[in-house]
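Both complexes below contain subunit A, partnered by subunit B and then by subunit C.
Coming up: the complex of A and B.
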């Protein structure tokens, strides 16, 4: 876990900031210098919608060492209200209660800890509404 | 129309599995020297060596070319090519282009991986995180397995693919693997055993993924002119099509989760190069790292209609000597999956089939063969088409 990397990605992971193309109006995430649809450099910051629904999900039981403490957890592809799709965990939800099509809201949580004294990586997750 | 001037003249492969005695460079050296021996050429004929591997081994020296070649007593330039799980096929493709361009006449390709050293929890998952979107999938909590679980669910939802159909894939591949002396697992497993196993990322069960193991595979490529000048060469299998295509790393950036667009695009180009239709393929090695991988492959490569892959496997249409024999080697599932070596091992199986030397795994009518090697969840796919052996012994 590298401090410069965490700092660099704060706009996307902490604030859920993407971009909106001023030419073709496409909203996209994560932040890019060029519009991924029309290639225009004329892009401006865009804050993602904070609600959405679960498209697909799975329960993870085998993962990397830093995430093992969280298992079993739910990972999902979420379609936000503005049409942008992102991957994130579903929290505050019993494993058996997760459903495709379920409405969720974006919440700010700990993603992983680098040991008991190391850095903490934060980012968005999703909770049922 | 691409000139068909590149041939496979020799193959070498180690047994796949847990090989604690040998390091990555030793495995690579064993495969390489055995391929040179098999091709009946001198070591000095090889002009360059292309090595495909994702991490090679645990020794923080992924570029193992220098050691591998020194241990093989060969002096050639070498380059390592990394393309995730498709590193083997990627190295193969670059060598193919090298000969096609006319710059080289004889090249060696080696695929290698040494994964049994990674015994700590989560290390292989971390290695595999490089094949998915590291920042926006892996760091958010996704693993390669959980993303394949989502691909599986998408197919189940759209086409009513059943758990029984999915389990039929590894069951069939384990049955094929029994006849492969190099396979890690040479034992049949019943469909019930797959269905009753603990889920590791539902709907994917504990026995569904291919195992990450050790192994190396190597092929020697040569031009028509080189073969004419070297009378000892007694076998040449033509490469009729070789192509690759890419897609977004992250699943959430794709429009469809019921197909791998990279596989479709790469296959379309390879079929065009070979000037054949998918129906002409009667033996194929496809990337069955998870059961859904094989189902998506046989649909995307054009062997079966979209949505009918699961049914086709269940009805036995992909068994040896059926409509199209899929993964006669046992696939990644039974052979084991040392990432970089897998792509070359797939090509070797097709070469053996084209030579009529696949033993009990031999398909009865040889026509054209295909190998498909996928990185991650389909961010990159390599497709190679081989024709029947041209020099009879």
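Coming up: the complex of A and C.
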């Protein structure tokens, strides 16, 4: 986890900030400088919806060292209220209670800690409503 | 003189709880006696991916999303805690970025044991009243540490409360604030130490009670008020016994304390303790009600505040994610999981 990478991704991870194309109105995430649909450079910042529902989910048991503290954890594809689909961890939920169609909202959590002396990376996850 | 007060507020308490019985079982102690002493049945436990920064952000986002103002007007952010995730690198800057209010503002992390949250509130009241800023954000948040088998292990919880302080659309107007501060060796944690130490019984009479009483009395004398002038009173809650005892000593009734006494199921959230109780009162109180809030931080000091609730409070209520929402969230965990979440098992 290099400091420049954490700093560069901050707005996307903290604020779930993507872009909306001012020409074809396509909303996309994460942030890009060009519209991925029409190629226009005429894009503006767009903050994703903060609620959504679980489309698919899976349980993760084998992961990187920095994520081991959370295992086993749920990872899901969430369809947000604005139609954009994002991948994220589901927290505050028993593994046995997760289900497709479950309503969730965005919460702010630690994504990873680089040991006990390195940087802490923060960002969005999802909690059941 | 321009008015100053609270314009919005938000709470956050983690989802997990551990019962006194579960901790007592590990150490072969008597849970009935412990619960009678502490008057606490369980405490909140942060998840493995939570810390003071995440809890501070959640409470601040709740304060902002229930409110109709412009968060870009925030000119100061203070986060009070004794468990900031970094020793060097402020929590307040993480909060600013997560609220998208970078960068024309001042920010700092504060530490004064359990009263660093109210210290931030006082700073914001001062800056707004002197018109140096138009809006300030004061947060008290803690992910408290309690050494395994120490009496603190039964009560050291977690949570956060955030207060937006301004001069327009005030929901609780500040009437006055009064502090007392002395050098008191009742509770401490040295640089690099994982767990705090304390003076056991010494933490009571000369520390908690003396400072809480002196600050509360001092403020009421300044304002010319008496306990019966207040509908609600909130004190720091290291357990449920101390705030009820100090209320009796000051002449407040059980009913005046009840609504703000939130520690019974969530424990002591340190810098967030008294102000989470205050937030719960604000969620249920009526316009015109007068509230007295007195924090206590070891080391030691107390900040006392007197506010009057205004009609504008109904502009930000009801709100789904209020204090009660989080108090109702309670997934009880066993000591093994608690030990893993708290980093006791690595």
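The criterion applied here is as follows: the second predicted complex is superposed on the first by the 129 of 129 C-alpha atoms of A that agree within 3 Å, B and C clash if a C-alpha of one lies under 4 Å from a C-alpha of the other, contacts with A are read in each partner's own complex, and residues count from 1 in each chain.
Going forward, a residue touches a chain if its C-beta (ideal position, glycine included) is under 8 Å from a C-beta of that chain, and two chains touch if they have at least 3 such contacts.
Keep in mind that this is a model prediction, so the values were computed, not measured.
With the C-alpha superposition on subunit A as described, subunit C and subunit B fit side by side in the combined arrangement. In the superposed pair of complexes, A:99 makes contact with neither subunit B nor subunit C. Which of subunit B and subunit C touches more residues of subunit A: that partner is B. When both complexes are overlaid on chain A, the residue A:109 reaches subunit C alone and has no touch with subunit B. Of the two partner chains, subunit B is the only one touched by A:64; subunit C is not. In the superposition on chain A, A:122 makes contact with subunit C only, not with subunit B.
In the superposed model, A:87 lies in contact with subunit B only, and not with subunit C.
Using the contact criterion defined above for the overlaid structures, shared-chain residue A:10 touches subunit C, although it does not reach subunit B. Look at A:56: by the touch rule set out above, it reaches subunit B but stays clear of subunit C. Least inter-chain distance for subunit B and subunit C in the combined superposition, rounded to the nearest angstrom, is 12, based on C-alpha atoms.
Annotation: subunit A residues 70, 89, 111 touch subunit B in one complex and subunit C in the other.
Only residues 120-123, 125-126, 129, 133, 135-137, 139-143, 145-146, 149-150, 153-154, 157, 199-204, 250-253, 257 of subunit B touch subunit A when the two sit together in their complex.
Note for the complex: subunit C touches subunit A at residues 15-16, 47-51, 53-54, 57-58, 61, 85-86, 94, 97-98, 100, 329, 331, 340. Interface residues of subunit A, counted against subunit C in their complex, comprise 10-11, 14-15, 47, 69-70, 89, 91-92, 94, 107-111, 120, 122, 125, 127. Of all residues in subunit A, only 9, 12-13, 30, 56-68, 70, 73, 75, 77, 85-89, 100, 111-112, 121, 123-124 touch subunit B in the complex they form.
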